[in-house]
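In what follows, chain A forms one complex with chain B and a second complex with chain C.
And now, the complex of A and B:
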């Protein structure tokens, strides 16, 4: 089994002098600063020799005091070993530019685009450096740089510039305004690129083709995103995806809130998986602090996260089924009804139905209420029987098979290469689950299986989701048996100012691998929080899957991703 | 009672033209009232049965806890809504599409017997236009709705609408043919294309005499009505609302209402062709014996409607290519097999 120090020595021996700085945090975490000229070679070496076939994301950090910027590539492996390598590349703050990894890893595309539009770091060799989350009007403002003032200006409180038109309306412009640009009083740094619309219309080759909007307001979308499909008759020829319709800038907001306040923002990233998001953020902070969570608190966290997984899977599956069956489809209503039982269980502990803000640094907010275990033991067998019923129901439905089988199939190799997460990846047959790969809390002591599919199509995705619920029920039942009594919070006083440090923490979100990269500079607020969302990763693979399918299948594929645009946009 | 009938028969013999006119006007008035009120009840049943099946309540505020007046409230809302005609539409076609749909439905209703009155040991069928080829006529007139759908979708100048319109026509062509063959099979056994005679000839229900035809006909009927699993022309998860995307207010209401009119009429046709129509034992209670054929027909129609509603709640929607595949590759050959079966059985028992 490869561990972090072996990976480090392998890089050092292959490329002497490439590693400028390094830190082996544990067997599973390697932090290394790589010479920016050699990053491509090092990545090639990692992927070919050391099985680093999973590009998990990348984060940009603006070190304004050191006058430099950093791009951190997060590399891991799909099960060959458990090392996560955090490879940093430094670049000066004036005209920042680093080498793009898109040639090596297909899914680096979106991550690098995001860093480019947010921080203004240029990626050499990136094929399509277009804005992803931001609107065209904000390009060139580089909002995630530390010296960005914001609209309204955080220092002066001024709103965007208001201009009264000749008709008497008031228009708001982000500076610089058109008048300022015309007068030449400001230096515009706006990059030149074709707009989304232009890129789309370039692809229309004949009169028989047209572009259809599925979104941002459409019965198909689970949240606002724009999926444009170029259709000829009933066939989709090409798909275009535009996200960022509910980009809230949560990562930036968290930099301006205290450490504790940050927890509430993680809730809002994806409200059906808010407990996992809480866990991810708190876990990262605990790692910086070096805190040990009391055993009882660990069990409570696991129980609630698994309950939240069940309810997320139920609503995800149910919503998807209505996409191919119409809203009158009865099983969807039954899934929602069953989900209500789970929600009530969570509510009895946390007091909230969706946004819980329950996990705390070094523990949980409150203990389980009286009679929680009994209620769980009563509801879970019922839930189990219902899920088995659903599996049986879909297995014997011929129309279900006609609509779902071999629709949107991904092979295991492709799924790995594209960096899918969660049920899309596992349905393709890759047993990749953070609860095994990067175990946290008490997961190593629990007995559960990782459910995988074989074909990687929509039917498999539903099947994997439903069978995962059965595993979650198994986990909760074990936890209820094993849970010890004791404190629910650590005795250590959590300081207001978290000591300087950085951590990368991964949890298994209902949608797959979620990671948070948290940096502290010793202040009372995080210096940088980067969220590696699972749906963001899966979402990127949607457009290639839609080429050549029917319109109805496009809906069946997009729905099977178990989407949460709120989390992918953050 | 016999006296009144005698007077009417005498009048009819003396002044056939005036008699036909009076009967026609009364028939048209009664017809539109019966069909439209019936369709409203069907909409109500659709919502209520569906919600019951899905463990919901459904409409339960307007008109008591059963929400029986909900449809009236909806109709008032639709009538008083602003009538929006988008600027890009082909206005003539756009405006006439809902009217054609309504007219088509009434044409169907004219030839359908809504039951019979049992007076003096004899059945008097309640049909406005008792024509010789009524079975075939009804089946053809049912497809006028598809033309209206195409008009609505094509004139709307909307991408979703045009796709809905194309899907509607592709589906209609694929299923009208097996449906027509099924009607012919029934006619072969009954030795008549007249719906009244078809009903009267069913000593054994056609559903038992030709089970294959029964299954094909009900699938084709659900397709014709455009309900799940065959609602591709208005699949809201794919193409918003299909052909009626650009319609609003009462024009949308008319289009929507015609679907349910057709639902009702199609279910009656189903009961007449395959479930023995109004045949059944006469209830030996005064007054009830007169309408007992209607009671039997009503029960059968309700069962058919109920079945089609439950299909919607329990099945997935097929893709449009699967629909046409099913229509041409399975339904049409099987309906021809059924026709052969009907010819053999029909000529053996003739």
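And now, the complex of A and C:
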């Protein structure tokens, strides 16, 4: 199987001089700085010759002291090999600009847009450089640059000035104070682009078409986002997605908090997956530190992360089922009730029900309490019988079938090309799971299957989710048998200042592949944390999936993705 | 007719409301059992808190402020500063508990804390302290603290005086070499003697 050094030598021999700097961290991680003129060729080479068919995201980094910016593309493969190549391209800080990879990888679109709006790096050849997460008012402030001084305080309503528009609506504006203008915290130069409204209205071609708004508060996915669909009769002609309604700037906040405090923020990216978010961040920092986690702590982490996966799948599925008819509402109630049991199990260890702040650098916070294993052995078989019942229940319901089967189908090829994650990808038949691809903790020692579907439609997604719960139960049962006694924290003292370095760590979040790219400059705070969330990747594929479907199916498709805008917006 | 019906709209609820019908019920009906690891409202053992402020420094939300509280241990906590927590900001992450060097801060099973105003949920050490000294114990401890302080001071003063004497002697030995230094030493000795005198008197 291909390993990182082979990939590096292949690039070097194909493009002599293109690799400016490189580091082979392990068989699975390659770090390389590529000549910015050659990046497109190198990527072409990687995807055609070396099976790098998975563009997993990219991160922008502002190296203010070196007067340059960096765009790091994260490249991987859907199962052909396990190398993750982190390809960096440098650009000067004055008028930063790099080549866009959207021509090669469809899903580079959102990642590059985000880097553009946050750091002001231009992407040559990008088809639609429009803001994604930020509001129009913040455009041009480039908030993730290191010299961002903070936007004027808009939290006080007293400053708002009411203006009546030509259409008779009242709008509120916040004129900057002279002090703010002097401090340079006000955006003076805004980039020019058509607004979201203008963009969607451009697409209306005839009088029989109209735009329908679903959201920003819509039930199909918990969390706010705006889905506008252009409809003609009952058919969706085109869909427009506007996200960023719950953008919290977590990555930027973490740059301003100590390493330890950062753990609490990872909880809040997606509250039903907070344990895997904890794991991802702590794992990355452990990688920089070169820390070994005690075996017992590894088992505890696996047990809790799998429990967390079960509860996340239950709420994700249950909530979605309320939106479609058929077996409908009742399973939701039962799923929520069953989920309580799992939540209580997690709570008995972590002390919190949702935001756990549980994983620590080199260990975990608490040991398993007395009687935990017994309680698990009591609850898990029950859960198993319940899930089997649910699977059977959905399999026999004709209304459920009518609403879910062959709705929002996606082929394996398309799913890979679009970079979907988690259940959407696996339902299409691609067995891509981080627990196998990039195994962490004690996963290699555990026996479990990667559940896949065949049709890639909404029904398959639910089916995959439910069967994944059965696998999680299997994993936990093995862990309970195998867990050794011993310390739950490393005895190495974690320094307040983490030594300079960088790491990319991936975990299998309930929603799919999640990665965190953490950079330390040797300080007591992270220099940069980039979160590559799974739902962000899947969310991007929603608009093309909705083209041509019935309006009523929009809900069945969007809901079946088990979305969490809070995580995609961060 | 209509009017009479309208009147009934008011009389009926009045009549039923005065009968013993349960309208508002406590929810949840039974409080769920919380595990031992629960991260609820903090519990402060004021008898061992040393007032180091580590908890306040680690808090990601800056919700801990160190305030004065009477019923702690003046021997260990010289300034009698104890944590006060703003539950309007606290997210119950438990980092403060992990960071406490003497393990006097814990999180317990208490979870209700509603108040009418924001300031009602800023809870001081008086609310948080599950263990504290009584006024009498504090008075005793304070007396003890004073005694120890006085003792320490006496020892320190004696040491200082001895040191100075030593320095003076050295100075005297060096006298032939450096006149200025010797004069300096002698002056210091004088000053030290003058300082020591009233204190001795005080102690006596």
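Methods note: the second predicted complex is superposed on the first by the 529 of 570 C-alpha atoms of A that agree within 3 Å, B and C clash if a C-alpha of one lies under 4 Å from a C-alpha of the other, contacts with A are read in each partner's own complex, and residues count from 1 in each chain.
Note that contacts are C-beta pairs under 8 Å (C-beta built on N, C-alpha and C of every residue); 3 or more make two chains touch, one makes a residue touch a chain.
In this text the structure is predicted, and so the values were computed from the model without any measurement.
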{"item": "Fit or clash - chain C, chain B, common chain A", "value": "fit"}
{"item": "Per-residue contact with chain A, leading partner among chain C and chain B", "value": "B"}
{"item": "Contacts of A:324 with chain B and chain C, given as first, second, both or neither", "value": "first"}
{"item": "Which of chain B and chain C A:355 touches, first, second, both or neither", "value": "second"}
{"item": "Which superposed partner A:210 touches (first chain B, second chain C, both, neither)", "value": "first"}
{"item": "First, second, both or neither for A:234, with chain B first and chain C second", "value": "first"}
{"item": "Vertex chain A, arms to chain B and chain C (CA centres, degrees, nearest 10)", "value": "100"}
{"item": "Partner chain(s) touched by A:261 [first = chain B, second = chain C, both, neither]", "value": "second"}
{"item": "Per-pair minimum CA distance [chain C against chain B, superposed on A] in Å", "value": "5"}
{"item": "Chain C to chain A touching residues, read off their complex", "value": "34-39, 58, 60, 91-95, 98, 107"}
{"item": "Complex contact set, residues of chain A against chain C", "value": "257-258, 260-261, 263-265, 267, 344, 347-352, 355, 357, 365-366, 369"}
{"item": "Of chain B, residues touching chain A in the complex", "value": "50, 53-56, 159-160, 163, 166-167, 228-229, 231-232, 235-240, 312-322"}
{"item": "Contact set on chain A toward chain B in their complex", "value": "210, 212, 218-220, 233-234, 321-330, 332-334, 337, 397, 399-400, 402-403, 550-553, 555"}
